[in-house]
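Paired with chain B in one complex and with chain C in the other, chain A is shared by the two complexes that follow.
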Partner chain A sequence: MTVQAEAHAAHPPEAHQSSRVDARTLGMFLFIASEVMLFGSFFTAYFFVRVSAHTHWPTAGHELPVFVAGINTIILVSSSFTMHWALQAIKRGNRAGLQAGLTLTFLLGLTFLLTQIREYSRLGFAPYTDAFGTIFYCLTGLHGAHVFVGLTLLLAATIRSYRGHYTADAHWGVEIPGIYWHFVDVMWIVVYTTVYIL
Partner chain B sequence: MKNPLRSEAEAFRFLLGAAVYFGLIAIAGVINHWAGLAVFVVLSVGVVWWWMRARRIEPPLQATPVRRGAPDERRILVIANRRRSWSSRLRSIRL
Partner chain C sequence: MTAVTHDEVHAGPAPPPTGWRRLLAPGWLRVPWMTALFFGIGAGITVLVRWLEGWDPIWKGSVITTVELTAVPFGFLAGIGGFDYWMRYAAGSPTRPEDHSGHGARSWRDYFRINTDHKVIGIQYLVTTIFFFVAAGLLAMLMRAELARPGMQFVDNQTFNGLFSVHAALMIFLFVIPAFAGIGNYVIPLMIGAPDMAFPRLNALSFWLLPIAGFMMLGSFLAPGGAFASGWTGYAPLASTHQPIGSVFFNMGVQWAGASSIMTALNFLVTIITMRAPGMSFWRMPLLVWANFTTSLLVVIATPFIAGSQFFVMFDHVMHTHFFDYQAGGYPLGYQHIFWFYSHPAVYIMMLPGFGIASEVISVMSRKPIFGYRLMALSLLAILVLGFSVWAHHMFVAGMAPWLRVPMMVTSMVIAVPTGIKVFSWLATLWDGRIHFDTPMLFALGFVSMFVIGGLSGIYLAAVPIDIHTSDTYFVVAHIHYVLFGGSLFTIFAGIYFWFPKMTGRMYDERLGKLHFWLTFIGFNLTFFPMHWLGIQGMPRRVADYVPRFADLNMFISLASFGLGASTLVFVYNMVKSWRFGPAAAANPWRSLTLEWQVSSPPPIFNFDEIPQVVGNPYEYGVPDARHAVFNGDRQVELEEVPTR
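And then the complex of A and B:
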């Protein structure tokens, strides 16, 4: 065995990279870029339906729960604060802060998702009712699916945090879901503003 | 131009910025539709202008290759930018 091979017996040599951005962060960034395009196509459909309706928006017979959705927005944005708090805590080596922050983030996200599902059952219209119903459920449903994926990532990170997997120097498993979670929250702000408020 | 999602902390700041951006547009839009449109245009131009000018200040990457020779090994860098004979090049090298 050569000297170089012996030096790398335990693990392969570190891969060369041309980007300043860490490969894991770059992967998440590219994924988010594709998600932005996906949401963009749904928003295009939404605005097309809205502009071509030529009537008051939302169309007659559609009362959206603006207040409940506003409270849900506050809950989701709050979960970004707890996520940020969790990561800042582990960067200082505070494991209890990490665990509390991740647990709170998960619970707030779960509350948002359950509230949205409950609101679906009380809306009074379905995806097949008309074009508004279709695009409303598509947009909010697409976002809800992203919240579900984010919750899955958060659950994995939370369980790992209770098993002592993260340190002040090694916390990629929290950093990457954190970026995703903030993106999901930003998309909800866009959805809430355009669909519920304006 | 900065990538706003390069780290969790930057993504969090991006979220706060998005909340302020859409919050102002929503408030103006509820008051008056044209006011909402005006706020949207002004804020969008401002954000794009700021984003195009934003630069990330960070030191260059360390690109020093791993030293493979002995610690006391001496090396000579020869920059041969003219066609010369080998003997002529050797005479030019001064240790």
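And then the complex of A and C:
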């Protein structure tokens, strides 16, 4: 029963696949689970400041640009559709569609991020103004950081698509960043609702 | 192992670099200049932003330090080669083939490189964590020297605060948690019949985050104003105001260590779910795998909360935000809620893998099937769920809403039930067994007995009235050391001795092992048991000085603790000597059934020449003809003969 053999094989034996789920997809979903919890801790802080400490929202004299942020929301949500489009394209082997979809998604995401930075400079309050400012900046900033990570992944996928990678039956490098990007979108809707609208 | 991916183009193996090009190759030559480069980038961006925004002063020490605690580690990781593959992948360049040159270790130098072999990484983990264990232990010796007599002798108050804070932070984040990750890394793929972890490159990266976190925390002693000094719990607003810059070293150190454990947990989960050998159903997994499975779930779900809490404190400290500043609308108690929502589950992160190790050792060494296998696995899951409902038992005296006390008291007592189930199951496994008192078994038995004492003092503390009396006293110190030292540490030692022959291919010195156990066991009890007494009498924890009536007992404790510290020398000597000169170990010295023992010691470079077929339960000791797995040659015959249980 004991295998005393030295390793002569230059290659590992193929691992047995014991689940129908693909390892990379599962990894991404677990990663997203922990990201959700990270957002959860920030929302807990939001809850403590707004509900437990009874902070006015927004504090007197400040206003949140609900309308501009609304436009920005539409931009980000539409980028989810272009992402989906890109993935569908490569599944049919349509490389031009993939490239167009990815590029468009990237640009929409970038627009979102730049708009948000622009908004920051016009708000008239800062993270150190009061607890309301703290929570506002930290929640939107946390989300912004995730948009940045998502954009980095998208950039890699886009570059690779122009350099001839991905085919109709090998495109996990598009699919996985796509899952993350949808997560970033959904998270923004939650942030927008709780911070701007409620 | 990464499956063949059709959308990757592979380049041939890279020729070894020569001349100045060696500076560009991943490794220690690239580390210094990459680190410097990232330092420059971090400082440059900070200064640029401050200049553009017109903030004064442009060069602000605390801000630069904070930024650099992020940038410099990235430089280090980039230098050592943690990102090379992904950079080439992202650029669409041909990636280096998975030629497995990063597999296996041919000389000690290979342990100081990025290595994708889970066996190498496991050993990297263990050696690193033992280094930090010794460092943190020395800090404890300093503390006990100061506490031997009332009055101030060797250190001032602020330094003392730094000593216990760094001691605890290192023991928890750089020793107990990652040491279990190290054992898991080595053993899990072997146990489930996989050639490696699911994401070998991520695995390598998660290891290299650890030394970063550890040296960051140790390095805080060198920061102006001294080390972080608000305890490993880092309560705000204390930690976010009135603290030297060293406290940012703690905030960031926790982030790096936390990122490392989340990445490892992800890897464990995906490996366990997708890479089990044929026939290895969940109900045939060894309990160590079960334990790491639940622990990893805890890590993935809970660790982001401590990340959040440390971000908040750091922002309050450096950027003057107001998360915990009551006057500006913040909520001071929020810190403790968020922190303990992680840190209570974290005590199970620090214990469940130990339960797994104890189960393996006790079953093998009493030559009996584990009693109530399924209940053992289910009780792990019960702890996982219940663990999230008890956090506020750390806050009975914090001034939280009084109605929360009783529910938290009840849940805290309920969680002792699944824990008790495990203890009874170990006892029932031992019952009537043919017990072999080898060193791993001694540590496992020491664990069971000491953990019971720690669990009992836990129940005491969970009772609100008792906790109000003993909160922040040495009673709590006794409790945490009975569960963490007598519990986690004993199982880590059990695991290290148990798998030492597998990892090194050599046998440790049994006599020294036994000596180590008895010195530790006696020294441990002499040191920590009297602390219960001190605590009930009212001696507060986390102080450098105390009233003279506690003097005798403290002197006794200090002397005992030096003996306990010295016992570690026996361990280290035994490990070093046996690793180099020990007698060659057999493939299966403990006559165990689980898969890692069915291959040579140390295992072949890819673990298995062919993936085994699992045909039965892992613990059928003493059951005639029972088999856990069969290998290629036997497979056909075996499958017909052995009924699948």
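Quick note on the criterion: the second predicted complex is superposed on the first by the 181 of 198 C-alpha atoms of A that agree within 3 Å, B and C clash if a C-alpha of one lies under 4 Å from a C-alpha of the other, contacts with A are read in each partner's own complex, and residues count from 1 in each chain.
We adopt the following convention: a residue touches a chain if its C-beta (ideal position, glycine included) is under 8 Å from a C-beta of that chain, and two chains touch if they have at least 3 such contacts.
Please read all numbers here as calculations on a predicted model, not as lab measurements.
By the document's definition of touching, neither partner reaches A:Gly109: not chain B, not chain C. Of the two partner chains, both chain B and chain C are touched by A:Val21. Looking at the shared chain after the overlay, A:Asp130 reaches chain C, while chain B stays out of its contact range.
In the superposed model, more residues of chain A are touched by C than by the other of chain B and chain C.
After overlaying the two complexes on the shared chain, residue contacts for A:Phe48 are found with chain C alone; chain B is out of touch. When the two structures are aligned on the shared chain, A:Gly101 is found in touch with neither chain B nor chain C.
Common to the chain B and chain C contact sets on chain A are residues 21.
Touching chain A in their complex are the following residues of chain C: 1, 3, 5-9, 89-92, 100, 104, 193-196, 198-199, 262, 266-267, 269-270, 273-278, 280, 300-305, 307-309, 311-312, 315, 319-323, 325-326, 328-331, 333-334, 337-338, 341, 587-588, 598-600, 604-611, 627, 630-631, 634. Within the complex formed with chain B, the chain A residues making contact are 20-21, 25, 28-29, 32, 77, 80, 83-84, 87, 174-175, 178-179, 182-183, 185-186, 189-190, 193, 197-198. Within the complex formed with chain C, the residues of chain A that make contact are 1-7, 9-19, 21-23, 26-27, 30-31, 33-35, 37-38, 40-42, 44-45, 48-49, 52-53, 55, 59, 127-128, 130-135, 137-138, 155-156, 159-160, 162-167, 169-173.
Listed in rising order, the residues of chain B touching chain A in the complex are 3, 5-9, 11-12, 14-15, 18-19, 22, 25-26, 29-30, 36, 58, 61.
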